[in-house]
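Structures for review follow.
Paired with subunit B in one complex and with subunit C in the other, subunit A is shared by the two complexes that follow.
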Partner chain A sequence: MKIQKNYVNIIKVIFAVAVLLIPFYITNTYALKIICNVMLYSIIALSVNLIVGFCGQLDFGRAAFAGLGAYFSAVTFNRLGLPFIVCFLGGAIFAALIGCLLGILCRYTSFDYLTLITIGFSEICRKFFINWRPITNGAFGLSTKRPSFFGVTLASHQSMFYFSLILLILCYIVIRRITRSKVGRAFKAIRDDSIAASYAGIDVPNYKVLCFVIGSFFTGLAGAAMVHYTMFTAPTNYTLDESIIMLQMAILGGLGSLPGSIVGAAILIIAPEISRSFYNYRLLFMGIMMVVLMLFAPKGIMGDGGLKDQLVAFVKKNWSKRARKGEHAGV
Partner chain B sequence: MSEKKELLKVSNITKQFGGLKAVNDVSFTMYEGEILGIIGPNGAGKTTFFNVISGFDSPTQGKVIFCGTDMTGKNITQYCLKGMARTFQNIRVFNEMSVLDNIMVGMHNVIKTNIWNISMNTKKEKQEEAQAVKNAHEILQYLGIDEFAQESAGNLSYGYQRKVEIGRALASNPKLILLDEPSAGMNDSETIELMGLIRGIMKRGVNIIVIEHNMQFMMNLCDRIAVLNFGTLLTVDTPEKVKNNEEVIQAYLGREEEEEDHAS
Partner chain C sequence: MFFQHLVNALSVGSVYALLAIGYNMVYGILEKLNFAHGDVYAVGCFVTYTLMLWQIHPVLAILAGMLVGFVLNLIVERFAYRPVRNAGRIVPTISAVGIAYIMRNFIQAIWGAETYPFSLGFELKSINIGGVVIGTLQLYILAIAIILMVLISMALKYTKWGQSIICISQSIPTAALMGIPVNKVIAMVYGIGAALGVIGGILFCSYYQFIFMGIGFSYGTMKAWMAAIWGGIGSLKGSIIGAMVLGLSEIFVSAYVSSAYKDVFVWLIFIVFILIRPKGMFPAEIAEKI
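On to the complex of A and B.
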């Protein structure tokens, strides 16, 4: 058991070093770009996981919050010339404020109605991005600059890689701490049984609002990071389809599992890129993957009792069988 | 009796659903240090009454005074903060959470922390969390289910889930626990164990109100019993007096005259 644990630790260290050194052995900008996208989308998937997986509120409007964070950050950065960090965090806080507003509206709304409200809300935001031309430049989109800290601009893809990585690690740590605290337990309690949760002294409506605020903060943060990375944004990036993809990332990875969200984001970003050679069948491939996975492992890949657990159980069972066979042969 | 402190005072509670009066003008007082039972035939309004005194439903008329505060119309969270906890007739544990987490959800208002402490994982947060885990294990040990601490609550058997529910209620350090049919679906030995458990909880300084169908259980356990029938309160008295009360016997067995009428 101890040796196994040591092995796991060694593998973890090797993995960490491998990730840290990615820009040194992957010099292809296209590949690096995809990896950065994976990391930024992972943050969004984590926030979706917090809202859908932990608090049990089916939210179809995440893309709108990424858009709010992105536009706020880009507009303040371009127009007001404020330091990057202010605009960047401002975008996240702005998204959190709007999330608070939406949360307050949804406080007493039950499951399916809440979903409809979030869909409607995301459409409202998209229309705003398209039609508020003086600020958002309408359907033409908005270009902006790369992040800069104290006069140093993160111009290269390598530096953006480290920026995204640090952001992802920070967000992951904070979200993980939240999920393991009193607040996270309250979210899970609301998901499992909101009546029992309220009798445990949890203020259910306000905790729902809190969940939207925290989730929207991280979605907005990732959205703001993305706009400064791609240096361009347009309303077409924040459609309902995009929200559904974000939701898929969390579900595919496994609701309730934080590493799962990263895996889910990686699969849903990388798979379409790999399958570009048979582009026409891309959506079909993704659809089939989703259907098969949900049928046979509804808990996703890394979720509790999901694909990973099933595989581990399968391997263990077969191994012990083989070991027993070996014993019999020996006898 | 007079020197005992009033814990829960219910005055002239009426709960009406449309034209139906599920609870009709019920008033009584519960004192500290007693186990109060509520019995009544099916459909007597026991659960509705329970929902009213625990803040789930607000009464159409009347007042609920808990620990000297008028709680009428306040929400469930305020009831909990005041020191009330309850279990449910159809068990409500958090299925996908571990047993330990279930208990710790009960400590929600005992743990004082904020989002900043949580995200920074400050020393205070760590200490508080460690203390909460320790307390939760103590409760689990007391209930005899500590070995299942890491198991998902949904995987436990019915009787153990009951205990998890009771543990969750205990974890909030309540003054009063309302138990809604705690022995439902339990066999005789489990019921006897439950009785011991409830008496033990009583000794920890927690007061208890129980709803039950199991008469023997109630007669043995309760200090006083309130009898409801068609939403009205027939009597509140000691088990012996309730047993011999004419009205109560009539409510449960039907009127003698009616039977005589039938016979003739």
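On to the complex of A and C.
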């Protein structure tokens, strides 16, 4: 057993080194761009997972919060000339404030109404992105600059890779800590049975608001990082379809599983890039995947009792059978 | 001008009402979000459109479209909704979103993403009463919506099928114990909902005189859903009045407040309304499920 554990640790270290050195052996900027996108979308998928997977609030308006963070950060960076880190965190905090507002609206609402309110909220935000031309430059979109720290601009894709990686690791650790704290357990209790949770002394409405605040903070953070990475944004990036893709990343990876969100984001970003010729049928594949996943593995790939667990159980069962057969033959 | 806006609002509202009746029937019984409603009936509308291009009589074409919607929703219900009926709330919702994507892409693959002109082929007259113009089509739409509502409420009240639908909406296990074929009835409700949606969708298209692959979601599901919640989930009378309120708020906001921010104001009014009165204006008289 101990030797096996050592093997696992060695594999983990090798994997970590391999990830750290990606910019040295993948020099293709297109591939690097996709990897950066995967990491930034992973942060969004993590925040979706926090809201949908841990707190059980089906939110269809995540893209709007990425948009709020992105626009706030880009506009303050372009117009006010504040240091990058201020605008960047400002975007996230702005998204969190709006998330707080949404949470307060949804505090006492039940399932369907919450979904509808989040859709309405994202539509309202999108209309503001399109129509508030003096600030957002309307449907033409908004350009901005690369991030810079203390006068050093992260111009190359390699530096952006490390920026996104550090951001992802930080967000992952923080969200992991949250989900394993008292707050995270309260979220899970609300998800499993909100009536029982309220009898256990959990302040359900306020925890829901807290969940929206934390989730929106990370969504806004990722949105702000994305706009400074691509240096351009437009209202078409923040539609309902985009929200559903973000939701799908968390669901494909497995609701309630944090590594799963990263896997889900990776699959849903890389798959359309590989199959460019099928671009028109992207939504068809996504639809089929959604239905098939819900029918056969509603817990996703890495979730509790999801595809991975089923596969492991299947392999173990068959291996033990073979082992038993072998013993039999030996006797 | 005010009266003209009022007439326009009521006619937009009656179009939404037709969409909302079909939606509310399914929604009221199972209380599961049906994201695919609009996209399923959009397929039926496109079939009608194609048949009418082939010079088939509009009434026959509409009947064929309704049949396609009916059968399609039976298939969808059997393979995508029934297996996940008891799996909480997130799972069926995501499954329905998946069906919506499949249907939309199916339309895109066959008919393309262009916008086509659409007309039922009837001569569109309009009546002028003291400067207010009322289209005859608008009157027909309103009449059809009200007739359908009356027919469905009577069917729910006086037929065995209707009573079993109401029984299922109260409690599925009890209905099954009383010998009601639950699966059959629910499948039927989905089918009828889609068929009604096709009628609504076709009248929507002939009112705005276009058809394109996006009519299902943004103009169908969302508006029908808003109208259904506004009027009261599961209440047919409520869905018509909710649709009228939706039409009124859309037209008057764009006329007197701001047309660019129309959706913002309509959503704001809607959100405030459902926060104040979450059961809608005419809550159905059904005991609450816990």
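Here, the second predicted complex is superposed on the first by the 327 of 331 C-alpha atoms of A that agree within 3 Å, B and C clash if a C-alpha of one lies under 4 Å from a C-alpha of the other, contacts with A are read in each partner's own complex, and residues count from 1 in each chain.
Simple rule for what comes next: a contact is a pair of C-beta atoms (placed from the backbone, for glycine too) under 8 Å apart; a residue touches a chain by one contact, two chains touch by 3 or more.
Please read all numbers here as calculations on a predicted model, not as lab measurements.
A.B. asks: In the superposition on subunit A, see if there is space for subunit B and subunit C together, and answer fit or clash.
C.D. replies: Here the two partners, once superposed via subunit A, fit next to each other without clashing.
A.B. asks: With both structures superposed on the shared chain, find the angle between the C-alpha centres of subunit B and subunit C as seen from the C-alpha centre of subunit A, to the nearest 10 degrees.
C.D. replies: Roughly 80 degrees separate the directions to subunit B and subunit C.
A.B. asks: Thinking of the overlay built on chain A, is A:P298 touched by subunit B (first), by subunit C (second), by both, or by neither?
C.D. replies: second
A.B. asks: With both complexes overlaid on chain A, does A:I270 touch subunit B (first), subunit C (second), both or neither?
C.D. replies: neither
A.B. asks: Of subunit B and subunit C, which one contacts the greater number of residues in subunit A?
C.D. replies: C
A.B. asks: Scan A:N131 for contacts with subunit B and subunit C and give back first, second, both or neither.
C.D. replies: second
A.B. asks: Can A:I117 be said to touch subunit B (first), subunit C (second), both, or neither?
C.D. replies: second
A.B. asks: Is A:I178 touching the first partner subunit B, the second partner subunit C, both, or neither of them?
C.D. replies: first
A.B. asks: May I ask you to decide whether A:A234 touches subunit B, subunit C, both, or neither, giving the answer as first, second, both or neither?
C.D. replies: So A:A234 meets neither subunit B nor subunit C here.
A.B. asks: Please indicate which partner A:I26 is in contact with in the superposed arrangement: first for subunit B, second for subunit C, both, or neither.
C.D. replies: neither
A.B. asks: Output check: A:A186 vs subunit B and subunit C. Expected answer is one of first, second, both, neither. What do you get?
C.D. replies: Once the two structures are laid over each other on A, A:A186 reaches subunit B alone.
A.B. asks: For A:I195, decide between first (touching subunit B), second (touching subunit C), both and neither.
C.D. replies: Both: A:I195 reaches subunit B and subunit C.
A.B. asks: In whole Å, what is the nearest CA distance you get between subunit B and subunit C after the fit?
C.D. replies: 12
A.B. asks: Identify the residues of subunit A that lie in both the subunit B contact region and the subunit C contact region.
C.D. replies: Overlap of subunit B and subunit C footprints on subunit A: residues 195.
A.B. asks: Spell out the part of subunit A that touches subunit C in their complex, as residue ranges.
C.D. replies: 52, 56, 58, 105, 109-113, 115-117, 119-121, 123-124, 127-128, 131, 195, 244, 247-248, 251, 255, 280-281, 283-284, 286-291, 293-295, 298
A.B. asks: Touching subunit A in the complex: which residues of subunit C?
C.D. replies: Per the touch definition, subunit C meets subunit A at residues 31, 33, 79-80, 83-84, 87, 89-95, 97-106, 108-109, 222, 225-226, 229, 260-261, 263-264, 267-268, 270-271, 274-275, 278, 290.
A.B. asks: Once bound in the complex, which stretches of subunit B touch subunit A?
C.D. replies: Residues 54, 56, 75-77, 80-81, 85-86, 88, 92-97, 101, 104-109, 111, 113, 115, 118-119, 121, 125, 129, 132, 152, 168, 172.
A.B. asks: If you look only at subunit A, which of its residues touch subunit B in the complex?
C.D. replies: 174, 177-178, 181-183, 185-186, 188-189, 191-193, 195-204, 210, 214, 256, 304
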